[in-house]
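Notes follow once the structure below has been shown.
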Amino acid sequence: MHSKRYYTLSGSCPDQVGIIARVAGFIAQHGGWILESSYHADDGDGCDGPGSDVRYFMRMEVKADSLPFHLAEFRERFRPLADELSMTWKISDSAVKRRVVILVSKQEHCLYDLLSRWQSKELDIEIPCVISNHDTFKAFVEWHGIPFHHVPITPDNKAAAYAEIRRIYDDVRGDSMVLARYMRILPPDLCAAYPGQIINIHHSFLPSFVGARPYHQAYQRGVKLIGATCHYVTEDLDQGPIIEQDVIRIDHSDSIDDMVRYGKDIEKAVLARGLRYHLEDRVLVNANKTVIFR
Amino acid sequence: MHSKRYYTLSGSCPDQVGIIARVAGFIAQHGGWILESSYHADDGDGCDGPGSDVRYFMRMEVKADSLPFHLAEFRERFRPLADELSMTWKISDSAVKRRVVILVSKQEHCLYDLLSRWQSKELDIEIPCVISNHDTFKAFVEWHGIPFHHVPITPDNKAAAYAEIRRIYDDVRGDSMVLARYMRILPPDLCAAYPGQIINIHHSFLPSFVGARPYHQAYQRGVKLIGATCHYVTEDLDQGPIIEQDVIRIDHSDSIDDMVRYGKDIEKAVLARGLRYHLEDRVLVNANKTVIFR
Amino acid sequence: MHSKRYYTLSGSCPDQVGIIARVAGFIAQHGGWILESSYHADDGDGCDGPGSDVRYFMRMEVKADSLPFHLAEFRERFRPLADELSMTWKISDSAVKRRVVILVSKQEHCLYDLLSRWQSKELDIEIPCVISNHDTFKAFVEWHGIPFHHVPITPDNKAAAYAEIRRIYDDVRGDSMVLARYMRILPPDLCAAYPGQIINIHHSFLPSFVGARPYHQAYQRGVKLIGATCHYVTEDLDQGPIIEQDVIRIDHSDSIDDMVRYGKDIEKAVLARGLRYHLEDRVLVNANKTVIFR
Amino acid sequence: MHSKRYYTLSGSCPDQVGIIARVAGFIAQHGGWILESSYHADDGDGCDGPGSDVRYFMRMEVKADSLPFHLAEFRERFRPLADELSMTWKISDSAVKRRVVILVSKQEHCLYDLLSRWQSKELDIEIPCVISNHDTFKAFVEWHGIPFHHVPITPDNKAAAYAEIRRIYDDVRGDSMVLARYMRILPPDLCAAYPGQIINIHHSFLPSFVGARPYHQAYQRGVKLIGATCHYVTEDLDQGPIIEQDVIRIDHSDSIDDMVRYGKDIEKAVLARGLRYHLEDRVLVNANKTVIFR
């Protein structure tokens, strides 16, 4: 994390000799000062022989005022090289705040935690609004000066309700949607509409205990650790690329209520870390997995 | 944690044959249903030969409606046995909420975290007021319906200011005081006035990095983990009995700002766990150490 | 852990008022000094209303020379009380070493680790023999003065081979069998013959990744932590009661080989902890779960 | 970790624009395939303004057969660029095994652990000999086919004994010396003679509990976690650059003996990780700290 303004260039492409040299060369040639850089070549299951499909991932932070031009021109100038390398890429500006829409139900812990980080600017984002299927946190959210949208979901209004959520998200020009223990399953078309933008916190150490009531499942199985998983939402429930996970120790004396309580602490910590990686362009999706440049 | 009303009997005494039998016998004789019980004999450095000073610690939760009398009568009837065993003891009622006064400065994370737990009744306490040397969180605290006292501390008013804090704490009949990253050092007489009632969260893994700016110290030393310590406040700064500790991994790429940020997550988690142990009478002080019956 | 000789009494029974009082009373009445004691009432899913089936678990360590009689007489005298409480129980003597048979294949890490602990008497057991389907570690084991039995398993000799393992285990009067990364699946009749005696270390955080090649499964799913599980072996593969688990963090740069390597460290640590709990009668099986009195 | 032969180039230099571009350019120009690469710019306390002394660290793995020449020629050709950048650097060949001399006293756990990893080639090194001030492990070490030198240390022979250790280390052309719970303090001149080559495992979470009997110190202070620290040995006892650390949770019921036992597990794990980082040139010393390219 740097206090100065910087650009973050991230992307991936088929591996070949000389990628770093060419990308870093492009930046150096314009006087760009690289503050931080990370590279990873994914050789799949360990067999990177000829003909295999090794993919190359990279992320660089470049001091903004070390370059003689702004992002639009950077994009223009970098595009030919990126095309030559068949690179999927993006560049973002630390001075432009990300716009994160939070979805919440009745559980408070992730919401308080996110607003706490936002309040102190540790999480230096815009929260254009909070959306909920309950009005539990309306006054609390509005007290922070953040608009609150109550969009109830009933068996009869699902299509309309999720359309409303899309409309709000588009209206406020959200670039990330956080399901902060939003206890509803988003419809596939909504998931598909915003790939790599929707982040969920699941209250188990996936792939254990998919689906409903994971703490009850964990209690029944008698595991000695419980966990939480932050992942991108895809059309397949609980199957999206995992961004971050963590666990906490429990023992035989812990009831399901105790597990829920311990779990909250893990959930909010894991969500906060995963969201930060996402916001800082540290997460590169690699099929159903992620590369995380911490 | 039980959903039903229960009494918690905790105490310590010199070890001898038959303590459990006599205490559990007393409870059984009145039909008391023990929900949870823990015992520990501290044999010091491992040498518990004749003449050594082994101390015995215990904690029991007894279902309230299994006993034919209430706390006042329990105390009356139990006293002779306790006296015979030279036991220091207390009994509390899960239906009587503890009264916890929170002291805070300008950092938000522990305050948000505690209010989040209070809001959901996970932390089932009264917060009669929040006291701060700044007015940063006045509106936020008051929004929760909790009184806020702004008691500035200046080089010139120290004695008066701390006297004011004592007065407020006594007035609201606080039974626990939480320094939730309250960045001032309490005067010795205040610490001495409330032994075992004042809980602090120190932002290092004590005994490493006592005193000011522990993250700077940690950064200079190049440690690979940073931590936090929840402890009782005594007259000796950073030397009180430790209740709970935890750590998180860092690496060479983390700046001091990053460490502060990671540290916040550990601080609030450790404080919340330590406070819960305290509130549930799970912490028994043993000279400068603690017995924690988790 | 006590350096003095002690007896460990452990058991479980239907919960009722007065169990601790009666058991501790029995011990006190004979002058028994309780060094350590633990109790747990399992109220299932948290609903312990009338008619529910709450089970009570206990474990006590009693200083051997504080009692006026030896184990045989203790058993005789305690039986009536135990019967009255419908208690399933046992008592063991810290001076009688447990007899642990180790089964191993070609992986060295758990074997070296166990023998290291045995060599230093940290693990104060008899190892009457090591059995393997390969002869890889014959010389190494024999160098320690421990007999080694090579029992190859082929598609054609399975029944005979497992019968041979049973014969050896019975012959040496083993009381515990440790599968120290023994890469074969024991037949159901062998598992059923020694309930609560056979301990396995599975190289995943169960219930994730049951069956073969869990690290490959973990790699494919892109999890951020991998783990290991120590459990009792039952007729249902990977489904037995879990004794201990732990995890370690990995990231996108770790190959399957790296995961196998990290995993080894977790496997041996988890197996060693789980085995210790078992040997010290700290594990009480509760249907398909365990109570662990650490 | 790659199964193929590769060269590891690591080094550090004053930061400036274009370092990555020039180094990666040099490699690309000769067709070198970069398998893994890491960079770090240390901006000290976060103030990297003009005039500050930002240092740049890097590590690259290059596929050996992608380059048209061998190490000697690489060194020749790379030197002018390195000199221009004022870079301190080295390059090593994964096909050349490191020569690690192990020093041990009477504790077995780190020795068994290292030999276990060596036996399975997980630790793919030469161990030209083990040196000890006791002959406890002579037969065990020799059984592995590794020479064992018994060099007793007495109050009267210190200078001669440490001279003998130096002679042996030089004779076998050791490039790393591991103090695997070697319970003697090396003299300053020996430490100074092999900077960055001697690795110690200290049985506390430094900087807590420096000096003797750290578990006793930890017990007295009542900490809730104990740890271990792997560090380079310098002339200042327990003050060398930290390579790796970890901790484990304890509680009030743990005696000093229990802490010693838990500690062993952390010590061997931390030493093994730290040693691996060292052997793979992942550790770059930065004054009294380390950069670890995991």
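Labels for the chains are A, B, C and D, by order of writing; each one numbers its residues from 1.
The criterion applied here is as follows: contacts are C-beta pairs under 8 Å (C-beta built on N, C-alpha and C of every residue); 3 or more make two chains touch, one makes a residue touch a chain.
The shown structure was predicted, so the numbers you read here are calculated from the model rather than taken from an experiment.
Of all residue numbers seen at the subunit A-subunit D contact, over half occur in both copies; the interface is built from largely matching residues.
Farthest from subunit C in terms of Cα centroid separation is A.
Across A-C and B-C, the chain pair carrying more C-beta contacts is A-C. Remark: subunit A and subunit C have CA centroids separated by 41 Å (rounded to whole angstrom). Averaged C-alpha coordinates give centres for subunit B and subunit C that are 36 Å from one another. Listed for subunit A are residues 3, 36, 40, 46, 253, 255, 257, 294, each touching two or more other chains. Looking at the complex, you find that subunit B touches subunit C at residues 3, 17-18, 20-22, 24-25, 27-29, 31-41, 46, 66, 249. Subunit D meets subunit C in the complex at residues 1, 3, 36, 107-109, 112-113, 115-117, 119-120, 122, 139-140, 143, 253, 255, 257-258, 261, 264-265, 269, 272, 294. On subunit D, the positions that touch subunit B within their shared complex are 40, 42-43, 45-46, 205-209, 216, 219, 221-225, 227, 241-247, 251-253, 255-257, 286, 288-292, 294.
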